[in-house]
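Chain lettering (A, B, C and D) follows the sequence in which the chains are written, and residue indices restart at 1 in each chain.
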Amino acid sequence: MTTPAPRFAGVVPPVVTPLTEEGAVDVASLERLIERTLGAGVDGIFALGSSGETVFLTDSQRDQALEVVVKTVAGAVPVIAGCIEPTTRRVLDRADVSTRLGVDGLVATAPFYAIVGPHEVERHFRSLAASVELPLLAYDIPVCVHTKLSPGLLSQLAAEGILAGVKDSSGDDVAFRQLVLAIAERAPDAGFSLLTGHEVVVDAMMLAGASGSVPGLANVDPAGYVRLHRACVNGDWDTARAEQDRLTRLFRIVDAADPATAAGATRGVGAFKTALALLGVIDSNTVSLPMRPLDADETARVRAQLELAGLL
Amino acid sequence: MTTPAPRFAGVVPPVVTPLTEEGAVDVASLERLIERTLGAGVDGIFALGSSGETVFLTDSQRDQALEVVVKTVAGAVPVIAGCIEPTTRRVLDRADVSTRLGVDGLVATAPFYAIVGPHEVERHFRSLAASVELPLLAYDIPVCVHTKLSPGLLSQLAAEGILAGVKDSSGDDVAFRQLVLAIAERAPDAGFSLLTGHEVVVDAMMLAGASGSVPGLANVDPAGYVRLHRACVNGDWDTARAEQDRLTRLFRIVDAADPATAAGATRGVGAFKTALALLGVIDSNTVSLPMRPLDADETARVRAQLELAGLL
Amino acid sequence: MTTPAPRFAGVVPPVVTPLTEEGAVDVASLERLIERTLGAGVDGIFALGSSGETVFLTDSQRDQALEVVVKTVAGAVPVIAGCIEPTTRRVLDRADVSTRLGVDGLVATAPFYAIVGPHEVERHFRSLAASVELPLLAYDIPVCVHTKLSPGLLSQLAAEGILAGVKDSSGDDVAFRQLVLAIAERAPDAGFSLLTGHEVVVDAMMLAGASGSVPGLANVDPAGYVRLHRACVNGDWDTARAEQDRLTRLFRIVDAADPATAAGATRGVGAFKTALALLGVIDSNTVSLPMRPLDADETARVRAQLELAGLL
Amino acid sequence: MTTPAPRFAGVVPPVVTPLTEEGAVDVASLERLIERTLGAGVDGIFALGSSGETVFLTDSQRDQALEVVVKTVAGAVPVIAGCIEPTTRRVLDRADVSTRLGVDGLVATAPFYAIVGPHEVERHFRSLAASVELPLLAYDIPVCVHTKLSPGLLSQLAAEGILAGVKDSSGDDVAFRQLVLAIAERAPDAGFSLLTGHEVVVDAMMLAGASGSVPGLANVDPAGYVRLHRACVNGDWDTARAEQDRLTRLFRIVDAADPATAAGATRGVGAFKTALALLGVIDSNTVSLPMRPLDADETARVRAQLELAGLL
């Protein structure tokens, strides 16, 4: 018997949520974004993640965005939905809505705002899994929730079938490598999905044993990430490295916003949206308060990087 | 002309939200808690703060709790309501609901989960104030939101009338002292409320110039905090110190839960609720997932401290 | 029997180490600084602390500075010496030298650079105390060593006679208050010294039960801190608060250096030395690499604060 | 013209400093360790790094260890020496001694204990480089010094010839990848050495463009790391991955010590020394205070991993 393939693998872009200048979900832009992304050959869509501004949207905006994504994807690839709320019951409410809207998997972080320790984190994921029917993925993003999910906990929950996978946005390659080995040893038959969330080390993490990637930058260049993934899967590491290098340079669009007046969220999502607007995929680079959109100078810097990367 | 009194001052307990064993808001217990707290002579009520498990409750539970608080207080003292959500628009939605439910002031933190810097934080509070009619207080709680509000920003927003006060749960007495002076210099006529959130240093912060306190422990011993506050206001620092020492010992109930299996939120709110159940004020010490309630051994340790403090 | 007075109490300035423009210890300036400080009525001298640039000096410079301090103080008040090294044996080497040079007490931090936990920290202090003859004080300065000393550990080591006191530069007033109570309960007869290192909350910490203070700003205005301390001891809290407010404003000299090009160490020690040079106490505001001295504009800002405080 | 090879590349083990049970440098054990390491085909030796307990040793112990290393290596491969002190002048003193003792390169961290910002860090490295004759490598180890060296600063200093390389122990693979690209663009002819310090991701970092590795675990299995490096250089990524997986499992010896009573430094260096003692390379697993040596149970766990890895 061979090890089963992970349920969620390949390139799974965490799509942005386009907004009109008035702050409403821009349905037409979102449809175009999804169609372009699918057209590039991606393997899944992650809606309402950090790049999707999920914590900036109201519940009704979230529902609306999710409906558009599910309808536009139309079963072509799996859709996983972020259920990003501080605590268990609130996550479950989002899980219920997402399930009704027809997604294929759910993504939850460790609790945030609430001060918790390892026991609360474990109880959180166990309680979630006990109440949802869809596969549950853990979103390891300590820069936002200020808790790192340990390889020990993740592999234990994988072995028990509590978790179906992880999106690793921890930036901790040492822990990711140890997680890969722990899954191979403790849950080899689980089909556990090991997805890296870091745009610039996909080749390295694939070499280390990742199942795929969830790169925010794939909003901008999904075809590049598909080429990169295929090269990794084929063991063509020279091609992978070259493609990764090009994408790593493109990732410099997140440095376009002036660091004196714009921090993390603004710089990342703001740049992705600005690039997509420049590419004609979405209508506006509007982002949610308290972020601000990139201005003309910053937009010019994004444009320059798109040109360097051959996208414009 | 004299400096106006701050709009919110004195003892303003951040009330817990009693839950039934099934996790519903326990209305009768909440009513008894509010009545006992008012009976002790407090100067305000802070609903849906961290002690109120606000990030653990659904929106409908929050609404229900707030209705009960407003109705039970019945105008006897001001009610301020936590609008604790990660980003601006979501806070505003809570502000709208809270305003409709009849509270007297709104409390918001810096953004959380979202990665922000000083400009986003400032834009957040300015955007909130521009859209709400009620007085807005900033809740400075870096242990939860991982951003410290600087004395410079707070005093600037005070001078402009953007903020009506601050609840300082930062544990940073140096910054609090600098804030007191900055307010005295830059916004002396604003009636700005300087409220400390730390149970064990109320006397010291009152000496430093605080307007009052928002002590979680006042759920358990509101009369003690009222005595402490009056002693401070009267300049009777020996009495204040003695009362503070007794309350500091009582605060050891937050050490009752086993640190090997319970972290911050569980230990604090769990202990307050357990004490209130032992005192007969609320029916159950149930807390929200992923927290767990204190067990029998832990409850015995809470009981011992209540006896030492003369409350049982 | 009454509780014994702490061995080290009152105002104990952590003196800077004046340097010539070439970076040598400026003996004449150091003598003048000590004489002025003693003349103000202080109760002790802390040499080679953080304000003394101890981690910037070579061992021979440290020895030279300590010799000058001990000789100039000449027994008028106790001298305590920082033995600031990353690990146990290196601290002991500094303790041996300091003891031979005639100091009255030794001050050591938790280990730094080395990654340690509670057991290593406890073993560190126990090992130090087992090998030194002089009283040993713990220096709680997490901003530098990235470990907070818990009230539980400190009070345990106080009760066993391992530690004679603490200099608290943690900025954690909640923990300090709990430490005061823990010492009162567990080591009431130890004469344990509870010294706050924070310039702007001395009145509040004295109310909370501190034995005295180790304020870096007392390099600049020792007489102000002596007045403040005496008011606290006499229970004259109105006078204490007024003096504290004046000193808190004076402390704004640490904001004189441009934050865009100067960080913590530069801003603090650099400002103290610049103020002392303006006051004619020391010859040069030179600081050690990689810090830089305050420039002309920054010096003008220090001068303005000295004038506001009535010192110039 | 082709890009020059980096001056320091390949496998450069950061050797431990064997101690006698009394805490003296164990010269015979150190000689055996160096000879075994050289015999495995390594490309350099890093003495007095974190694994070498450099911050635990007195200056005379450091000198003695360095003398033994230089003499035993006898020019077979380059020796680089850690000059690990909190501030500029103290690092320079260690650099002078190390240079006189005949090493081939110097390694320095960002300042520590002292509170510094980007300008102080840059001034630190520039001042060091201006005063030393040997190549200077930056040691990026935020877990110890609490400052991350940015790709922007490192590539700038590389382009100017200030720095000859970096040992990256930051665990931040995203920044490392960006550094690799920045060096390729800004300092392609500098022969800049990009060395990863992380044992379990050498294959991934080599794919990303590293020049080599400085793995603490190479104390225990230098031959494994030499095989791993050669496979990477030859583009034989399947072999590299398999060897890396074996070494990643072996790295679990750092989990042998009980986490309830031993923290980072103890667990890492303690495990390496225990393994080396079990392998008969060094006489004792003694570590410096305030660490403790691994006990019998913990040693048994190390033995089990050595057996699994085929080393015993």
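Here is the rule we go by: a contact is a pair of C-beta atoms (placed from the backbone, for glycine too) under 8 Å apart; a residue touches a chain by one contact, two chains touch by 3 or more.
The model shown is predicted, which means the values in this text are computed figures rather than measured ones.
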*Rounded to the nearest 5 degrees, what is the angle of the rotation relating the C-alpha atoms of subunit B to those of subunit C?*
180
*Pick from C-D, B-C or A-B: which interface has over half of its contact pairs in common with A-D?*
B-C
*Would you mind pulling out the distance in Å between where the CA atoms of subunit C average out and where those of subunit D do?*
36
*Cα-centroid distance, subunit B relative to subunit D, in whole angstrom*: 49
*At least two other chains touched by the same residue of subunit A: list those residues.*
none
*What residues of subunit A sit close enough to touch subunit D in their complex?*
171-174, 177-178, 181, 198, 200-201, 203-205, 207-209, 235, 237-238, 241, 244-245, 248-249
*asked:* Taking the touch rule as given, give the residues of subunit C at its contact with subunit D in the complex, in rising order.
replied: 23, 55-58, 84, 86-90, 93, 111-121, 123-124, 127, 143-146, 261-266, 288-292
